[in-house]
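Think of it as A, B, C, D, E, F, G, H, I and J in the order they're written, each chain with its own count starting at 1.
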Amino acid sequence: MPEYTTAHAKAGIKARLPALECWPNQYPGYEVMIEIPEFTAVCPRTGLPDFGLVRIRYLPKRWCVELKALKYYVNGYREVGIFQENAVNRILEDFVRAVKPVRAVVTGEFNARGGIKTIVEARYPKRNETSQPQ
Amino acid sequence: MPEYTTAHAKAGIKARLPALECWPNQYPGYEVMIEIPEFTAVCPRTGLPDFGLVRIRYLPKRWCVELKALKYYVNGYREVGIFQENAVNRILEDFVRAVKPVRAVVTGEFNARGGIKTIVEARYPKRNETSQPQ
Amino acid sequence: MPEYTTAHAKAGIKARLPALECWPNQYPGYEVMIEIPEFTAVCPRTGLPDFGLVRIRYLPKRWCVELKALKYYVNGYREVGIFQENAVNRILEDFVRAVKPVRAVVTGEFNARGGIKTIVEARYPKRNETSQPQ
Amino acid sequence: MPEYTTAHAKAGIKARLPALECWPNQYPGYEVMIEIPEFTAVCPRTGLPDFGLVRIRYLPKRWCVELKALKYYVNGYREVGIFQENAVNRILEDFVRAVKPVRAVVTGEFNARGGIKTIVEARYPKRNETSQPQ
Amino acid sequence: MPEYTTAHAKAGIKARLPALECWPNQYPGYEVMIEIPEFTAVCPRTGLPDFGLVRIRYLPKRWCVELKALKYYVNGYREVGIFQENAVNRILEDFVRAVKPVRAVVTGEFNARGGIKTIVEARYPKRNETSQPQ
Amino acid sequence: MPEYTTAHAKAGIKARLPALECWPNQYPGYEVMIEIPEFTAVCPRTGLPDFGLVRIRYLPKRWCVELKALKYYVNGYREVGIFQENAVNRILEDFVRAVKPVRAVVTGEFNARGGIKTIVEARYPKRNETSQPQ
Amino acid sequence: MPEYTTAHAKAGIKARLPALECWPNQYPGYEVMIEIPEFTAVCPRTGLPDFGLVRIRYLPKRWCVELKALKYYVNGYREVGIFQENAVNRILEDFVRAVKPVRAVVTGEFNARGGIKTIVEARYPKRNETSQPQ
Amino acid sequence: MPEYTTAHAKAGIKARLPALECWPNQYPGYEVMIEIPEFTAVCPRTGLPDFGLVRIRYLPKRWCVELKALKYYVNGYREVGIFQENAVNRILEDFVRAVKPVRAVVTGEFNARGGIKTIVEARYPKRNETSQPQ
Amino acid sequence: MPEYTTAHAKAGIKARLPALECWPNQYPGYEVMIEIPEFTAVCPRTGLPDFGLVRIRYLPKRWCVELKALKYYVNGYREVGIFQENAVNRILEDFVRAVKPVRAVVTGEFNARGGIKTIVEARYPKRNETSQPQ
Amino acid sequence: MPEYTTAHAKAGIKARLPALECWPNQYPGYEVMIEIPEFTAVCPRTGLPDFGLVRIRYLPKRWCVELKALKYYVNGYREVGIFQENAVNRILEDFVRAVKPVRAVVTGEFNARGGIKTIVEARYPKRNETSQPQ
């Protein structure tokens, strides 16, 4: 089986995906949590499919995400080779660029591979982690 | 299928609904949590029904909400076309205007649509979100 | 069905109930949680029975509550017409007067009525709620 | 049935029990949680058996508790008449004396008696409870 | 059965294990949680097998752990005699040395032995525990 | 505590209760299951309340049971002293007399007393039990 | 509140509903189970909404039910006043007429009303129930 | 550790236990299920305590078992050394002799020992097992 | 959205898929159950992905299915447009042809689409369904 | 990765394992169920560990299985390369030879490999499977 290379580590980060869309938010200062249980992508090293559950939690500012477009965006990963860690971070980046929320958290909970289950969580804005242990 | 328009984004925010009623609170400084599992409204874009569970948590001041009137108020959404995000925010606004609590949180947990499940949470008074990441 | 009146709002607050008893606490600074799943009272408006689960969490000072007397005290609500919000607040008041704890929380989790489930939580001493949103 | 007396309130606090043993800890600054689901003692008032689940959470300093000795220590309560509140506090005292941890919490979750379930939690060192409501 | 000795208390801490490997992290400031349900080692006192679930939660800096190498590393404990407390601390040490995360927590949840279940949790960097009760 | 006597064994079997009512069934050959989670009666020996969940499963012939009348019938046991075994058998007898189903099963699942939980199940028509072990 | 009348008992049995559709089955002798969690209709006596979960299990002969048409058919009950027992029997009749299965079972599991939960189950073809107790 | 001997295999089968009592059954042909979650006895080989959950299901003829006496009977095993298989069979024998049911099943579900959990089930009357595989 | 056509109803039934492989069975007369939670295919009408859990239960004769080949076979559906009912029946046909079991059952439990969840179950050999209602 | 060969298919079937032991059964005609959650063996093709839960259900004749010996027998598979299907069948054969039960069933529920979970069930005596579909 091929080893991890830099190409693997960067795979899928720039892949083309359907656009996220928005509608104008009507209320200030509330929170929305979205659960998408049918994420699937491809492992760039082995070519085998990955499956997972993606959760997005955000505090809208001027825009709310349009759910149908979000679904097509997530379906767009079906043929993309990308590491699980990168997929979660890219979803957050794309979401923040399109929806411009006050804050957002994306979590990917992936099915076990080789008996090992992985959960990845990224948030915007970043916490200052240098001074503060858990 | 029609696209999101401003009309959709504002639909139902001003629809007529049964009035909320109160009875005089007898004790200071406690909390009430109410769970209403049978919320249903209509999607303003597709005309298809939405279903959800609404939770209200509040700290009463001079009034407690009357549960039978609350039930008729929630039943009143059955024919209303309104987005899920807006329904939760409107329930909070109507509740705060009628019951005048110290504080309140309304949560709507909606059944999946297109494989995507949504939870919306609004609170009164608003937190100051500009300075404080999660 | 009769409407809510002031008589309903105050019903049961002064009803006679069996006394709570104590035994001398032997250790400082620990916490006790008690779960009583068989609370039942009567709705003062409709005359229909209410059912619920009562939880008491307290930090004893000089006394521990005697569990058999507590059970008879809770059984005493069986014929009492009282609103759920008032029952929880009264249990807390009676408990604090008899057991004199450092602090205490009483929670009542009531079965759904008209499809609406209610949870009430009261605590001693009261928090200062004016300055601090949730 | 006999009433609570001071003798009941102090029963079992000085009963002889098997000794706890330790082995030398090899790492600093981590936490151990132990779950012992088969605690049984006797109610000093009624002579009826009590059953419960005991949890110990501690941060070791120089010593780790030896699990086989801990099991014999807990089995030692089988014939001891002692109130549930006292049993949990005594387990904490014996544990702290033998293992000398940085900190420790003992929780006893007891099966329902007369339809009432009790959980007792004691911790070392004590929190300062006078200034700080929950 | 042999008693605990210093040899037992240090067993396995220096045992040879497969190396952990990394790939270059592409995003700053997110968290990864890994669940490995098939940990097994040997008790150094009794020679009997131990089974457990190991969880690793970390915030990557320059490197992400390679999951296949992590699996072989964990499988490497199969023949190693080591106490559960030491296994968790050693996994943390090996992980921190190889992956150099901002922070990391390792938890081992072990199957009951003699009716006693144990959970061990170690974290990097260490909290300052002297001033702060739980 | 008083011992079991014949009076206790027959208590409540003839107590007056609200009448069951019916409406005319419109379809042949189907089954209805009803779950009533708030049954409460009184133990004729100790005077203490019993709580339970009653299930009725029946195959209607000419009549369906009216649910509101069924609720008042079940509420009618609140002050009745009756053993759990007798309550379930009486509910079945009253139900069969009023609704005249093709067949019916009544199950009562009662909360634990003295740490002992009881379930009673009676059916109409009776099976021939003499020849057939379970 | 109005009493049950013959009009109530027959309400909704002939109401107009969207048509069920089929596609040609490709394989013999297998079974399909369909779960529709968002059934809602109206009680013909009180005008209040009913909510429930409908399950259809069938063994197709020449046709399979088209799921999108089935969804619109079930949505069609939203404004129909009909008893729960009748709704389940009517769904079975409509399904058997449209899909012509070898056999079929329809189950409706309705949310509690007045604290009483109801499940109704109808099947095609009917069993011969006269000779065979459960 | 001592090996199994004939003395171990027969231990406790004749131990003295509190008597079971009955009250006169009032209805024919129904079933009673009793759940006793706090069984404890002693292993005759190791002297260590065993814990378990005992279930009794029976079809009463002339007598119903008195639950308080049943509880004292089960508590009587606390000091008895007896194998789990024998305890379940003896409970069935004692129950059948005292209550004379049409039929009865006793199940003992014991906590794991050495990581091995055991369930034992005995029934009266015996099935003819020679001709019929499961 | 396009309507169901005969082309849709037959789509994917003849699609090329990886071959199933076997190894020689060593024991007679036992049963194997296999659970594959990551089935995904495409709806031939809408082009949207379907997700599901496939279970295979079989009684081997001369061959056991090779699990790695089975996994590649199931992964092969990823790009195939096929109705859920047909996918389950085709998996059964392919399995029976390759493994030649005494008997086999294939079940597909698919994620909800439009709020409707579907389970399909096919078995070999077919039961004679003409004479026997459920 | 090496392919399946006849050597793999027969691996471990004759491996040496610790002996099973018995004690003399005291009662006729009852059933024992044993659950062993910590089975581990090695895949003969890949050398990777397998993990599983083994259940044994049997009806003793003259002997009961000795649980401590059973535990050592199961631990004995730790270094044995054997397919999951063969391990379950061999456990049944060894058990029947040692304990000579009226009947027995062995079930192995193995952790997922490659996302595929397997359960194997073998029974003694064999059913006649030629005439009877499930």
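FYI, a contact is a pair of C-beta atoms (placed from the backbone, for glycine too) under 8 Å apart; a residue touches a chain by one contact, two chains touch by 3 or more.
Computed from a predicted model, the values in this text were never measured in an experiment.
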Fewest touching-chain hops separating chain D from chain F: 1
Pair from C-G, D-F or C-F with over half of its contact pairs in common with B-G: C-F
Angle of the C-alpha superposing rotation, chain G to chain J, to the nearest 5 degrees: 145
Approximate Å spacing (C-alpha centroids) for the pair chain D, chain H: 31
Mean-CA-position distance for chain I and chain C (Å): 56
Between chain D and chain B, distance of the C-alpha-averaged centres to the nearest whole Å: 46
Contacts with 2+ other chains: residues of chain A: 37-38, 111-113, 115, 123, 126-127
Pairs of chains satisfying the touch condition: A-B, A-E, A-I, A-J, B-C, B-G, B-I, C-D, C-F, C-G, D-E, D-F, D-H, E-H, E-J, F-G, F-H, G-I, H-J, I-J
List of chain I residues in touch with chain G within their complex: 4, 6, 8-10, 13, 83, 85-86, 88-89, 112-123, 126-127, 129-130, 133-134
Residues on chain D engaged by chain H in the complex (per definition of touch): 37-38, 40, 48-49, 51, 75, 78, 111
Complex interface listing, chain I residues touching chain B: 111-113, 115
Interfacial residue positions of chain H with respect to chain F in the complex: 21, 23-38, 59-60, 64, 66-68, 70-71, 102-103, 105, 123, 125-127
